[in-house]
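Two complexes follow with subunit A in common, the first pairing it with subunit B and the second with subunit C.
Moving on to the complex of A and B:
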């Protein structure tokens, strides 16, 4: 009996330790974002201090973060919506007609290093006068979102019994109609998973926007990065910016926790 | 079904067609263009048109110490990061693989690093590593240890970056392996227990072999991304000090968008792609044999 209690105690100590290591950078970021510069550079580091909102004021008033927020939302929103439009029928086709090669072709976009298309895009988009345009950014972010949509939705569709469309087709419906009227309405959870994950990955993307966007379409990760380079010592401001960019992705994850876990793990577990 | 329409008969082509056209235009064409550029000496700043020079750019880049160092560094970073993440991730998954109070909160916490914006993560760790005000050195000096240089010294910059990668991505391995463990049937474990196997033997000879395919898949996913790691390195060190943390991805980025040597940059990108491709292939082979 004693041995069992001991092993339970050890277990919970391990869980708490893991949780602390995972949480620590977030807590440190959050607390620093409420510190004045004096408190941040004080040595030893201060655990207790008088919180200030000055850093957030700086980020949203002086740096116009709201604009970058909107840019990130526009780019992510359009990229995800268009990826669903292209990806859902493709995923359905892969699931129902066992198009393995097609799946590999689309998933190659996940394997390839982004920079091997970014460099040619830079040349092409400059020629087409599309630098610093939403079009170029949305197209580039679609290459992040589309493979996620296809990856998640093709396994989701596979799990839906074929009899559902087939009985409708026996009754005279076309397959495309059965897809729209029967399969899609059943796919809510899969679509939520695909949408949440691809939006978060678009939201977090740094490299594409760093090259393709300038002042007009600049997204949040670039704004946060730039904040670091010209405000090198303003740690409070930088930490407030980091909180601002992570908060929406973390909020989405908390709301859709079940779906996010499923999306991140499904392909690997199913094999 | 006899007089099915054109659309219906061609659904297997028509449904994926828009996605295929999109990928062809945005991925296949650019990659072929990169391949073409690798056979030129094009330099955007020179104002001269691209000239085909055969394998000249390859010779130039492949013999350059900076390139060879970047290849070695890419592997250094990737191998250590992935091995540590897999060992830690699997261990944590095995620890958490039981019912306990707060399990769903623990799983939520594990998700947070995965969705945290990498650039911002890098910046937070920059403050953590700061030699004068950072917490890392405070901890070291509180323990009576000498202070570290972290990302500002050639010899510690890569391990410091690996630590950030390990913090951010170990939870992914844990979550995948946990899901894999949950999908296993209990029977083999029960059978082994009935046969009198110890907990350790069950773990070693039953549980781990059964989740091996899942572990290897998680490893492939991690490996592909670790080889391409860009955001945290770019945000934290920009490849420095000097070139001490310049991986292939960072080098390709600098050649493209700082020096505008498109021909030579294309060679770096082709090399990076081949490495990612070969490594994924190798692990997929291992996974296929683990399943048999």
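Moving on to the complex of A and C:
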């Protein structure tokens, strides 16, 4: 009995230690976002300080981060929606017809360094007068979202017994109908996983927006740089902006984490 | 399914059309790229006035400096740029931009109000391409109270500087700080090199393996390695300024541009009257600290609206705007604004004094001035780190310097700048 208590205590100490290490930068960022510039640089760091909302005021009033929030949401939302539209049937086809080579090819697109796409994209989009347009950004962010959707969903579909759709098809349904009426409704958790993950990856993407967007379509990760000036860094502003950007991503993960973990391991142990 | 498909195609194509229409520039419009810089901010705030008096619509973007360089490079290199006017860093990207023909020549502009030595870095092949906006120069920042307690005068030469650093150095306060982070430190080391009688480049050839330059490297390494803050080899100004503002550093050699933030009471933990600014100390050979034009403004050669762009350039670099900048503690490049009555009554006297000295005696470059600046800075940066880590005693330093000189010469040859 005593042994059990001891091991429990040790277990929780370990959990707290690991959590501290992982969460420390985040907590530092969070506390700094409520500090003045003097308090941020003070040494030793101040644990107790007079909190200020000035940094958040800068983020949302002076810098108009709401606009960048909307931009990031539009880009991420459309990129994920279109990726689901194309990716779900693709994943189904890969799962049912064992198109392994196709799957690897899609993965390759994801593994190629993003920067190698940028030059051609830049030339094409500027010839088409699509610079600083949502279209260019949505299309580029589909490169991030589509492979995630295809890979998560194809292993998810493989785990769904073929017999389900086969019996539907025996009753006269077409394959398309079986996919829509039987497979998709069963894939809720997988779709949630794919959506969450690909949205977060698009939300965090820096490189594509950096080159393809200008003032009108600037997304959040680029806007953080508004706080870095020549020979001056507004640490409070950077921290507040970082917190504001992370909040939706964290909220999404918390809400859907059950599905995300399940979806990621789905199909991992199939025979 | 089909319905979803049709709707999304419709939505996407309508996005396409609206995006396309937006991107098409109208005739009375120009596109201006500014840096996140106090003067860029000032221009941005004043643009509505310019639009009103000129009737030209200005589409302006502000970017952090490395993003700005990357964006300009991508746009110009793919020959599909719509940029008309942009802010640029003459010493960092000037050579490369000029060689690629990205700057439009500014032969009609009146440069009489700009210091001659600074125009050297804004002209290529005898023609001016950049209007200098801002200058900065090397100074010594120090803590008046600490120097007084220790009973020492403000150092005026390297011997006094080292003695002061030794005396002021303690467990809690570093005697002296300067950038130690490789490539970032190259500009700050430059004044030390000049004052020892050395140079980075001479007539298109790398010469920082000379005895003078290596002596300067050793002195810099000894100072920072012995009396510098812990971990100085990973520090640039972003790291040193907070330490100085928190009272952890007694003296700091860096560019004049930081004075405003140091004496801003909302950013520092030390009473601001304790901070002082002085001329960079003299070396064994001379005293010629750098004074450079860190930012300038140019018209893009690819611009299809050069007349409108020139109008904007004239306005943004006008004396009136420069005076506004000076009043906001931005050290402008125009000479005449430094004798303007309004300005003199408002600006910090330490800035006027150190600028007068540097404008007269200074060296107009602070880095190896070549196309491949970045690579060359990395190479020299390795020498700086080696010297600091060994407190200036490294037996390898001469050999390493020779090796790096060969590599920098190689870079110069690659771009056809060697010996020119």
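The working rule: the second predicted complex is superposed on the first by the 243 of 271 C-alpha atoms of A that agree within 3 Å, B and C clash if a C-alpha of one lies under 4 Å from a C-alpha of the other, contacts with A are read in each partner's own complex, and residues count from 1 in each chain.
In this text, contacts are C-beta pairs under 8 Å (C-beta built on N, C-alpha and C of every residue); 3 or more make two chains touch, one makes a residue touch a chain.
Because the structure is a prediction, the values reported are computed rather than measured.
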>> Do subunit B and subunit C fit side by side on subunit A in the superposed arrangement, or is it a clash?
In response: clash
>> Output check: A:225 vs subunit B and subunit C. Expected answer is one of first, second, both, neither. What do you get?
In response: both
>> Output check: A:52 vs subunit B and subunit C. Expected answer is one of first, second, both, neither. What do you get?
In response: neither
>> As a test of reading the superposition: which chain, subunit B or subunit C, is in touch with more residues of subunit A?
In response: B
> Can A:73 be said to touch subunit B (first), subunit C (second), both, or neither?
Replying inline: neither
> With the two structures laid over each other on chain A, which partner does A:211 touch: subunit B (first), subunit C (second), both, or neither?
Replying inline: both
> Is A:38 contacted by the first partner subunit B, the second partner subunit C, both or neither?
Replying inline: second
>> On the A-aligned overlay, A:122 touches which partner chain: subunit B = first, subunit C = second, or both, or neither?
In response: both
> With the two structures laid over each other on chain A, which partner does A:113 touch: subunit B (first), subunit C (second), both, or neither?
Replying inline: first
>> With both complexes superposed on chain A, which partner does A:102 reach: first (subunit B), second (subunit C), both or neither?
In response: first
> When the two structures are overlaid on chain A, which partner does A:130 contact: first (subunit B), second (subunit C), both, or neither?
Replying inline: second
> When you line up both complexes on chain A, which piece of subunit B, out of 20-28, 56-64, 110-118 or 146-154, runs into subunit C?
Replying inline: 146-154
> Intersection of subunit A residues contacting subunit B with those contacting subunit C?
Replying inline: 41-43, 85, 118-119, 122-123, 176, 210-211, 225, 228
>> For the complex, give me every residue of subunit A touching subunit B.
In response: 11-12, 14-15, 18-19, 21-23, 25-26, 28-29, 32, 40-45, 85-87, 89-90, 92-94, 97, 99, 102, 105-106, 108-124, 139-140, 142-143, 146, 150, 169, 174-176, 200, 203-204, 206-207, 210-211, 220-221, 224-225, 228, 235, 238-239, 241-242, 245-246, 249-250, 252-254, 257, 260-261, 264-269, 271
> For subunit C, which residues count as touching subunit A in their complex?
Replying inline: 1, 4-5, 8, 12, 15-16, 18-20, 22-24, 35-38, 59-65, 67, 70-71, 74-75, 78, 80, 82, 237-238, 242, 245-246, 248, 255, 257-258, 261, 266-269, 294-295
> Where on subunit B does subunit A make contact in their complex?
Replying inline: 1, 4-5, 7-8, 11-12, 14-16, 18-20, 22-23, 26-27, 29-31, 33-34, 37, 44, 92, 95-96, 98, 100, 102, 104, 106-121, 123-128, 132-133, 135, 138, 142, 167, 171-172, 175-176, 178-180, 183, 213-214, 217-218, 221, 224, 227-228, 230-231, 234-235, 249, 252-253, 256-257, 262, 265-266, 269-270, 272-273, 276-277, 280, 291
> Which positions of subunit A touch subunit C when the two form their complex?
Replying inline: 36-38, 41-43, 78, 81-82, 85, 118-119, 122-123, 126-136, 138, 176, 180, 210-211, 214-216, 222, 225-226, 228-233
